[in-house]
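Structures given as structure tokens follow.
Next come two complexes, and both contain chain A; in the first it sits with chain B, in the second with chain C.
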Partner chain A sequence: MKQLKTRQICFFFIAFMPITKFFMVPSILAGQAHEDMWICSVVNLLLDLFTLTALTVVCKRENTDFITLLKNKLGEKGAKVVLFIYAIYFFTKAFLPLQEQKEFVKLSLYINMPTDLFFLPFFLASFYLCLKPMRVFGRVSDVLWFFTLSGYLILIALSFNNVDWTSLLPVGARGVKNVLKGSYLTANWWGDCVYLMFFIGNFAHGKKASLKIILCYLLSGVIVLFAMIFFWGTFTSIAFQQKFAMTQLSKYTTVINNTGRFDYLGILLILFSCVFGLALPLYFCSSLLQEVFPLKKRWIIPLVVNVLILVLMTALNRFMATVTLVIQNYLSLFFIIMANLLPLFTLLLKNKEKTNENLQT
Partner chain B sequence: MQLKINLDENVKVIKQSLKSDDVNFNQIKIGDSDGVVIFAKDLVDKQSIGDLIIRPASLFKGKVCKDSLEQLFFYPEKQKVTTIKDCINQVVSGNALLISDGVDFAISFDIKFFQMRAIAEPPTSTVIKGPREGFVETLPVNVSLIRRRIKSPHLIMENTEIGRFSKTMVTLCYIDNVADKKLVEKVRKKLQEINIDAILDSSYVAKFLGDKTPTLFKQVGNTEKPDILVAKILEGRVAILVDGSPIALTVPYLLIEDFQSPSDYYNSPYSATIARWIRMISVFLALVLPALFVSAELFHLQLIPISFLLTIVNSIKGIPLSPSYEMFFTFLIFEILNEASVRMPRYVGMVVSIVGGLVLGETAVNAGIISPPTLMIIALSGICLYTVPELEQPLSFLRLFFLVIAGSVGIYGLIVAVSGMLIYLVSKESFSAPLLAPFTPLVKKDLKDSFYKGFLTEQNSRPQSLQNANRRRMDEN
Partner chain C sequence: MKTFKPKIALFLLFLISILFFSNDFGLIDIEKTAIITAIAIDKAEDGDYLVTCQIAVPEATGAVSENQKAQMSGKGSTVGGAIKTMGSLSGWFPQTIFCNLIIVGNDLIDQDVIGVLDYFSKTMRVQDSAQVVLAEKKAKDLLSVSTPLDNISSFAIQKILLKNPGFDQDVCPVDIKTFCVGYYGESKSSYMPLVKIISAEDPEKSGDSSGGGSGSGGSGSEQSSESQGDTKTKGTNAFDATTTALFVKGKKVGELDKTLTHTFNMITKKINGTAFSIDDVDGVNYLVTVKTDDSMTCVKADQNQLSVNIDINLYCQVSDQTKVGNSSVFESNDVMSEKLIAIAETRIAQNVEELFAVIRQTGCDFLGIKEKLYRFNHKQYSRYKDNYLQVMDTRVNVKLQGQS
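What follows is the complex of A and B.
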């Protein structure tokens, strides 16, 4: 039975693709590529779009889900090895965004009593979400795309007056090396195209579905690019010091003086989508581990995954700067291979028999 | 056990089962044969017993045989009964039973008569414009209210008895070429599976129709108004009427149904749309306003404009309780007043409202126990809750839950809690219809009777959020 619709896949990317990229990524990129920081994101986006296009071809061709395709090609054991590696990928992919979200919640959202406890409820929601079928993501995407889009629009609109457009020039002044380095260092936050691989055969591939999906991904990418441009335009040379770009972007807006931090409305909308977006890799990690180690009690693996990442985050809390550097410098290649290179091999996977299934969401 | 030809034997066996004093065994003569009329004296129309049973029996000449007994009575609502068990069931259901010597069957006459409430406007859904009739506790009356509105042979009423002791008549009602056959079968099966001693209200049936696991939100719709019920049946839903209950049930249930007021359909679509948006905003405010205020006051002062912040600071000066405790206690007082005003007789309820709302509130503020903003927020949140009275119970619970979360871990906890609620709601279904449809999964065509109220002439198809056998409401031309 198909669990999703093309519309939900489109909304999925609009809702979840931009959300994790506006906490630490802008300051990392500003430090690396200065006014060309947005070009780094263009490189990441193009890479993702390339992989996404390849995946849409498979989506159109195949009516069977990715795991079955993999089993047909590599056999049961081979498939389990690949799925296990992807489970590890999703686990590591979740780590940095979760850590920065925790820091954001602790330091930016609360003006008194900053404590890690404030972030704990997230893991309850994440565990609960991991127990639900994939169609839940389709259904929440139907709602959340609006929140993400509105949140970003509010932040961008509020910061519009503060942008120094001339600071973006000259374009490409920092050189190709810095731009590529910036792209490489932030690869962990990109690569959301990989989710489409796990939606293969799980959604009704309607008319012009491929085009719609690619355009929606592009739209999400453009939103991120705009936010990056506005961020640099607002802070220019001190942009690399502005951790948690989301709260910084619109803080100089004059309206805020009279109405309180009105921009928090946009931030809260994005944070709402963030709960789902951050749980997404943990969800896929749990689902894939469930495939590899099929347990009758389906709650065990989601519980283990969520507790494990919480324990790791707590244990590595003091060494977070080192961990971030290690992940950025040594694991980025792994992220690019898993998100952009390996999915291309799905073009080689073909189902042996075609099946007719009813469409339902 | 089958009835026998011997009258005395039959009566003896029935008397063993029907020992109650309100059951009458009246001996009569049917020509040359003996007969007995058995009935529960408070449930039947005694005049009808005389006119429909005793008078024709006394006029009969000769010995009773199978054919003559059946042809003797002209009453259309008579029924042949052949077993002792059925005879007993007929009597306790309020029918009169005639058993004659020389035949191995009895005849039951549906001549029920008891006091019933007049048809009136239901207090839970009053309208300014539109029909004011409401269901009553009597099933035949309710059926007639529906039948009067749908004069079609496709309107099907299926009766079934539920309850080992109560033997409550439950009617399944649908339009056979509109309702999905699988849905009807599913509801029918669920009704047949109900195994309980008594059904005292339709809410008993609703519990069996929904999921077996406890759910926060209801899974079965309900209404007290026949016009609303008919509209739902016409959309492809299946209705369940229960004898003794003025509330009819409908399945599948969508959450949006509770935001659709009867008056929306009789007023201008513009005002109905605005009213619907107000209801949605009100529910949002009712749920999160107290929690947002507490979390802003405790953890996120930057969210509050400076001038308002100064007002709050002045008002909470000297309040002995922390913001979350203060809000919690005000909430508790509101709920106590609410509970008292619902339970008390009306004339006392008025006094409670005045004492509670005005005297208690104002005194508490003057005494410096609670602050005016807190009182105002709880009052506003409480009023907002009643814009959608059907959701009052789950929303009250959620309001308290969100308040506790926000008071403990602030706004991020609140966001996670709302996310949890969203996950819960999107994964819930009522008879295969997603609870949050048509918003998620998004059904664009159905938005015209959910997010906004379109013109009736535009609503040419039945809701696609539901499975229905016939999608079109209006002909193409």
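What follows is the complex of A and C.
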């Protein structure tokens, strides 16, 4: 019995892929590529789609999970090295989105300065999720795609009238260099296609499953692109100053001026999906470390991972601007390699038993 | 027992979600929260910022008196610092999220005003949709004035800035976002209404508004119920915001008077319902109401020339005249004579030419010509970006239609 269904994989990408890109990413891109910011995201999306397509080929071909495939190819130790590197990747991938989320909650939901531990509930939830099997994310995806889409549509609908569509012109005037730099700087937030690598062999590959998954990922990407376009169209030349895009998009609607910030309903729906979306890299980090260091008490590694990232976030809070710059400028290449390049090598991984069977026949 | 554990876990998860999403730990006692409705920023004698906040003091309804206001000031080397000082001195938490009006003092216009407004643009504590105005003198003065209909001056100013459809669009309102977009945009130009205190009883200033017809009645009746009780506290002043202050790189460079502000609105937004006077047409004065406004600014550039075309298409109706009209019915669609149309078109065209003259003279590109050059004629942008004000060829085409 497979843990996940194709439907859940599709919903997984719709629910979790766009949400992390709604916060700091738009302002980073606006600062780099101005009206061409959405093209930066197109580049990231195309990269992800390329990797995703390659992974769907493996998904279709193999009935064994990624870790077993890796062990068959590289042996126990080699596989552990790769898994450990991926655990580090997921840990670093989680850091900035978590930090921005923490900042966002602090600034938008709290009137005054809360205690440093105000974000602790997230880590309790994350710890709980890390203890669960993979199918839990499949189940929540069945529900949360609706939360993500509803929240998104509320915010987009409210901001529609305020968008200056002509501000997207001229297309491509900022040059290839700025577009590629923008894509590079935001690589941390992209690369969600890598999750499919760990779903290999864990879901029933039904009819046209590959096409469905690719289309759903494309839909998630289009959602992000529209968010970028709406963001630039709303703020144009001051977009680079608007650190948290989602709360800013809808507030200029006349309805809101008259009735109050009911757009927070949409924001809270997205935030709810974010709890699970942000726990995802920590979940995979814990799972992979569990494979590398198989402990009988399965709660130890999730606890260590969650406590470690909480401690790091608290300790580095003062230097967050520097940390953000370092991650964006120096670790982005690492993110691209891990999320877009290395997964392509899964095409070379083949199930040993299957190969033996083929040899015998 | 099997289902008990997951239930407990779900319940705990639910509790955690509440803790995460709710603001229980961030709430401040309402009795210690100052709800700021307007912020006035002046320059202190020592060069610091003097920030004065108008604070709404909620009172039980049912009493004959209106909500009372309070004012507090704080000083600091930055605007944010001054607001914090005010909170520290009073012990009240300055809640600025309800602040819908920022008043900039006249003594700040010589410096880059973005130093004042950028704080509001970046912070999430103040809505970017708050209106920005320039005070004729001290910003603080505007907060102390009461009008005959409003005890709280910021509410009165907001009423003249943000008018409902049907009122005259005789003011160029601007919010923090729009001002900053202009500042950081290609032309570095922005504008904001200049608010003057006028006497409410002076017929020259208060009686001029021709658009009061349909709208002001409703507003007046709404306000009258509030103001019946306590007329002693009511002031005799009103506010005029029909002048527009122009800024380049954050410094004030000029003004648009009432007529030019009206023409500017005609070009940049739909002014349906706005009335304007056309005096002395064969000795008769007319009040003409714009029913539909379809105006467009088009910038075209090639290697040889840069042309700016403004097309103004209006469908108007005579609302009043100083002679007996064709019909005695109020708001009838009286015939607009060809002469009246011709004179109106000529005067509007003259006003538009005057707007261009102001743009050239001040360098404030409030029509966004450079922005249009950048967006729609990008290939020629580098050719004209530095001298477009000097070389642009302007064409104005005004077409006014009415009942004939």
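Just so we're on the same page, the second predicted complex is superposed on the first by the 348 of 361 C-alpha atoms of A that agree within 3 Å, B and C clash if a C-alpha of one lies under 4 Å from a C-alpha of the other, contacts with A are read in each partner's own complex, and residues count from 1 in each chain.
Keep this in mind: a contact is a pair of C-beta atoms (placed from the backbone, for glycine too) under 8 Å apart; a residue touches a chain by one contact, two chains touch by 3 or more.
Worth saying up front: this structure is predicted, and the values here are computed from it rather than measured.
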First (chain B), second (chain C), both or neither touched by A:Y110: both
Which of chain B and chain C A:F276 touches, first, second, both or neither: first
Partner chain in contact with A:N317 - chain B first, chain C second, else both or neither: neither
Partner chain in contact with A:P121 - chain B first, chain C second, else both or neither: both
Contacts of A:Q8 with chain B and chain C, given as first, second, both or neither: first
Which superposed partner A:Y252 touches (first chain B, second chain C, both, neither): second
Which of chain B and chain C A:Y264 touches, first, second, both or neither: first
Which of chain B and chain C A:V140 touches, first, second, both or neither: first
Set of chain A residues, in rising order, touched by both chain B and chain C: 105, 109-112, 118, 121-122, 124-125, 128, 257, 268, 271-272, 275
Interface residues, chain B side, partner chain A - complex: 299-306, 308-309, 405, 409-413, 415-420, 422-424, 426-427, 434, 436, 439-442
Residues of chain A defined as touching chain B within the complex: 5, 7-8, 105, 109-113, 117-122, 124-125, 128-129, 132-133, 136, 138-140, 142-143, 257-261, 264, 268, 271-272, 275-276, 361
Residues of chain C defined as touching chain A within the complex: 9, 12-13, 16-17, 19-21, 23, 25-28, 93, 95, 118, 121-122, 124, 127-129, 175, 177, 180-181, 183-186, 374-376, 378
Sites on chain A touched by chain C in the complex: 105, 107-112, 114-115, 118, 121-122, 124-125, 128, 166-167, 169-170, 173, 235-238, 241, 243-244, 247-248, 251-252, 257, 268, 271-272, 275
